[in-house]
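Heads up, there are several structures right after this.
Each of the two complexes below includes chain A, the first together with chain B, the second together with chain C.
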Partner chain A sequence: MEKYDVIVVGGSAAGLTAAQTARRHYPDKQVLVIRKEEKVLIPCGIPYIFGSLESPLDDLIPDGVYEKMKIDLRIERVIDVDRKEKIIKTDKGSFGYDKLIIGTGSYPAMPPTPGHDKDGVYAIIKEIPYLTEMQKRLKSAKNVVVIGGGFIGIEISDEIKKSGVENVSVVEIEEHCLSQSYDDDFCVEMEEQLRSRGIVIYTGSKIVSIDGGEQVESVTLADGKKIVADIVILGIGAVANADLAKKIGLRIGLTGGIVVDRAMRTSDANIFACGDCAEKVSFFGGNSSALRLASIATLEARVAGANVFGIKRETPGTIGVWGTAVGNLALGTAGLTEKMAKAHGYKVISAVNESINRHPGKLSGAANVKIKLVFGANSGILLGGQVRGDASVGEIMNAISACVQNRMTAEQIAMFQSGTHPMITASPIAYGIVNAAEAAISKMVEAKDRS
Partner chain B sequence: MEKYDVIVVGGSAAGLTAAQTARRHYPDKQVLVIRKEEKVLIPCGIPYIFGSLESPLDDLIPDGVYEKMKIDLRIERVIDVDRKEKIIKTDKGSFGYDKLIIGTGSYPAMPPTPGHDKDGVYAIIKEIPYLTEMQKRLKSAKNVVVIGGGFIGIEISDEIKKSGVENVSVVEIEEHCLSQSYDDDFCVEMEEQLRSRGIVIYTGSKIVSIDGGEQVESVTLADGKKIVADIVILGIGAVANADLAKKIGLRIGLTGGIVVDRAMRTSDANIFACGDCAEKVSFFGGNSSALRLASIATLEARVAGANVFGIKRETPGTIGVWGTAVGNLALGTAGLTEKMAKAHGYKVISAVNESINRHPGKLSGAANVKIKLVFGANSGILLGGQVRGDASVGEIMNAISACVQNRMTAEQIAMFQSGTHPMITASPIAYGIVNAAEAAISKMVEAKDRS
Partner chain C sequence: MSRLLFVDDDVDFLEVMTMFFEKHGYKVETAQTPEAGFRKVQSEPFDLVVLDVMMPSAFEGFQLAKNIRENLKLTDLPIIILSCIHERKQVPYRFAPDRDYLPVDIFLDKPVKPDSLLEKIEKLLGENREKPAQDL
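Up next is the complex of A and B:
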């Protein structure tokens, strides 16, 4: 039986990153990844299979890194783990391990709605044959209903519309699409963008049944309205795939994920877990967090991979940083929105800045970028930021994430040393992150003058 | 005689930002800006006047903010200051002040080269009539030589070439263009980009004379080579305009700027200075810095403006963050290059990461982005970062700047919580800042194993 120093179960964002990190930190150790998929999909790229890309095969995580980094790879199904003997059993054989990292990911959440098992109802299952069949069915579809107006829901609806489907509707149970991650004004801008691209949106709307015979024919909303549907797509979130962990008796947490400490150790000191399959705590207050994102998975994997032979890193908890884009409109968020911060019990001061991301604004490629920063009113510390604009949103949200992660105050952000250039950023006078912080400080000054 | 609580001399990046900051922090105070220009040019936009824009009038800092923020504006020339009586004298009258902020900017540096005063030799003087005339002359020029391959030199040469001038040459005294701000491999990529766009580059070349009669006809290099020139443009840097400060007896520093403390106070406690006219210290070690950038000016202005009625802020010194772009190639830098860090006396560990800024890479708009991070080998602290790529470089350099400013270690950056999205960033597995930090940590691990 082959024996490895480190075995990683799962080859997506968490598993691959954990293996790479272990390799980097322990160059002399033998590292093996066992995954069940012949080829692995880029999870966040799945919506784009249905419009911008040709097929699921255009959306793969490249495997070249395995050879390059001397990480062994087996395509096998893990059946069981003998924790006492430290042996992994797969459908094809057994491997001894010293340290084990579990990165088994998530399943799409399924609603309790009657009819969700009808033919023509799809969830976003990260498997190539499933998505290939779904893509084929969509080519002849006329009426598609997407349940859930989160980022997967809106991205997939736009891609399907772009690909030529006549009627695409999104049904969202909350007051606004994306309301878990953005304050209302940002959500409204995205809804307007979707509507302008021909997508019908129902917000504050619950689906009570998915109707039809064997094949789906329509969905019914709580207010009685029926929407015709050849295809229904479920985009209501993800739940941890902790099947293996449960089977082998690891502790499971409140949200159904594998319980881990800040070093990503499970209840077995030789087994680590990371990514969607692991329980998460928030960066803000340390409470349980249900957020599941590939970027969080890679952070946790960098912690787990570095720690297998002695703790080097501890996660400070999940900030929650991610973007979404529809056409030329992108949104980004890092940390808490104003709504979320208040729900967390913070007293907040927030401020918004809008500026053009070229200077002068007549230069080509100029777009208006809106930045909202939310500060704790008592501490002055940045709790989160939201951005609306063009593709530059991606790295602006990362600059904001760096500020959140360092728990910078408004005063410290006002002293941010930005770099600027006419062709690629806003002017230094108008630089958004700094000016939003200064606007928040103005409010703090006013509040102090008043008291 | 009118009396103001705060008078700012100068209306460019430093002056305008200082006035805005004073207004925000002291809403009840009267703030006046006195500037000599009817309209103020965006300094970094000047190269684009000669190609991408139509005229200098397309490159103006908008004046709307004065009314919006209730800042008074006078277009007058400041002649003198009576520091004892606290009175400013202009060519049109006098104003009393309580606090004074000087933001008089810089002059272009002039080389000692014989012939630099010939007709047809231009410096980048930030005045509309001057630049308008220069633009007119360039329209009929066939041979332009740009002296200095810094960012202004390369940007202006590309714009002039784009506008249709047949022969454009850049002469740079150092081994590479941009070598003050980038390590050689980055400089070489920009040189290749310039050459591919038809610009002739002479590096390691000193100009010994600018030749001709009254009108410039050619330049002569140290190796004897002559380059024909109808127009010569000097882009060799900027020197502080401290004329007023000298006249009124403020202390002047090593690089010719007004001496200020970390609160931006001059040797007169009621007078502050900021921007190109002020002396600067480096964020790294606190030594004198000759770097003059609009982004530094605005940082200093946010310090000066906030401090006029009591110290609230102190600058940690100049990081030096800026970008440049030629066609679809952009470079960004924050902090020290490897070369500079070594010259500063640091033992360094650096690492490079290249990745595609979309995922999958087949999505439209994908570009390869290279990131180099330079860490102090003893401390593990980030000293600087360089980026090469498309327009996304602008905000990536700002994310790196946030890491520098917070003196983050490689380990902390490896724990960076990036936000990602297929259409606007690299994948979370490949995210550049994080992976460059991890690559540096690998080197640190290896170095430790060896010792």
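Up next is the complex of A and C:
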């Protein structure tokens, strides 16, 4: 039986990153990844399979890194783990391990709705044959209903519409699409963008049933409205796949994920878990967090991989940083929105800055970028921020995340030393993050003067 | 003494759970149909409810959870759903707690070991739900 120092189960964002990190931190150790998929999809690229890309095979994580980093790879299905003897059993054999990292990912969540199992109802399952079949069916579809107006829902709707499907509708239960991570004004802009591209949006709407014979024919909303559908796509979130962990007796948390500490250790000292399969706590207040993102998975994997032979890192908890784009409109968010912060019990001061991301604004590629920052009113510490604009919002959202993670105050952000250039950034006079912080400081000064 | 209600059509399961949880100091009530369960929750105070959703069809179990939340307005009563729907239906997705679609606290796949259920119940009952974060 082959024996490895580190075995990683799962080869997507969490598994591959954990293996790479373990390799970097422990160059003398033997590292093996066992995954069940022949090829692994880039999870965040899945919506683009249905419009911009030709096939799921255009959306793959390259395997070249295994050879380059001297990480062994086996395509096998893990059946069981003997924790006492430290042996992994797969459908093809057994491997001994010293340390084990579990990155088994998630399942798509499905609302318990009558008709969920009808032909033509799809969830976003990260498997190539499933998505290939779905893509084939979509080619002849006329009416597609997407349940869930989160980023997966809106990106898929837009891609499907782009591919030529006549009627595409999004059904969102909240008052606005994206409202779990964006304040209303940002959500409304995205909804307008979707509508301008021919997508019909039902917000504040809940599906009560998926109807038809064997094949789906329509969905019924709580207000009685029926929407014709030959394909229904569910995009309402993800649930930890902790099947293996449950089977081998690791502790499972209240949301169904594997219980881990901040060092990503499970209830077995030799087993770590990271990514969608692991329970998460929020960066804010430490409550349990249901967010599942590949970027969170890789952060946790960088913690788990580094810690296998001694604790070196801890996760600060999930901030919740992610962007989305439809056409030329992009949104980015990091941390709490104003609405969420208030719901968490924070007193907040928020401020918005809009400026052009070129100087002068007549230069080609110029776009108006709006930045909203949300601060704790008492401490001045940044709780979160949102950005709207063109592709440049991607790294602005990440800069905001860096400020959140370091618990920077409005004053510190106002003193931020940015670099600017006419062709690639806003002007130093109108630099967005800094000016939004300054605007918040003005409000704090006003509030102090009043009291 | 915390009061638990188990709703399940499997009499043997109810008996095992009653014995186990009474031994651990809980007061246990049972109901064998969603209707009987609903009437009990309506008329008596419980600290936590455990529902099996395959009785007799999955959606009746899910519906009972919704009725407790929506009709009885018991938004804070902890509800645990036990189910073998994933195993039986072999679907490639999962049902999960959802504020709107499945307003329960925990969704557990059967079989569930009593010890593991006890741990989750203790945690739910001991937990201060949705504590506000520290004001920064």
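Keep this in mind: the second predicted complex is superposed on the first by the 451 of 451 C-alpha atoms of A that agree within 3 Å, B and C clash if a C-alpha of one lies under 4 Å from a C-alpha of the other, contacts with A are read in each partner's own complex, and residues count from 1 in each chain.
Basically, a residue touches a chain if its C-beta (ideal position, glycine included) is under 8 Å from a C-beta of that chain, and two chains touch if they have at least 3 such contacts.
Since this is a predicted model, take the numbers as computed values, not measurements.
Undergrad: With the two complexes superposed on chain A, say which partner A:42 touches: chain B (first), chain C (second), both, or neither.
TA: In the superposition, A:42 contacts chain B only.
Undergrad: In the superposed model, which partner reaches more residues of chain A, chain B or chain C?
TA: B
Undergrad: Scan A:447 for contacts with chain B and chain C and give back first, second, both or neither.
TA: In the superposition, A:447 contacts neither chain B nor chain C.
Undergrad: I'd like to know which partner A:130 touches here: chain B for first, chain C for second, both or neither.
TA: second
Undergrad: For A:391 in the superposed arrangement: first (chain B), second (chain C), both or neither?
TA: first
Undergrad: If we overlay the two complexes on their shared chain A, which of chain B and chain C does A:254 touch? Say first, second, both or neither.
TA: In the superposed model, A:254 contacts chain C only, not chain B.
Undergrad: Considering only touches as defined above, state whether A:79 meets chain B (first), chain C (second), both or neither.
TA: neither
Undergrad: Answer with first, second, both or neither: which of chain B and chain C does A:110 touch in the superposed model?
TA: So A:110 only meets chain C here.
Undergrad: Touching chain B and also chain C: which chain A residues?
TA: Overlap of chain B and chain C footprints on chain A: empty.
Undergrad: If we count contacts the way the header does, which residues on chain B are in touch with chain A in the complex?
TA: Result: residues 13, 16-17, 20-21, 24-25, 27, 42, 44-45, 47-48, 52-53, 58-61, 283, 293-299, 302-303, 306, 312-313, 315-316, 318-319, 321-325, 330, 332-334, 357, 359-360, 362-365, 391-399, 401-406, 408, 411, 414-425, 427-429, 431, 433-434, 438-439, 441-442, 445-446, 449 of chain B touch chain A.
Undergrad: Can you name the residues of chain A that touch chain C in the complex?
TA: Against chain C, the touching part of chain A is residues 107-114, 116-117, 123, 125, 127, 130, 173, 206, 234, 236-237, 239, 246, 252, 254-256, 284-287, 344-347, 376, 378-379, 381, 383.
Undergrad: Given the complex with chain A, which residues does chain C contribute to the contact?
TA: Chain C residues touching chain A: 58-59, 62, 89, 91-98, 100-102, 105-107, 109, 116, 120, 123-124, 130-136.
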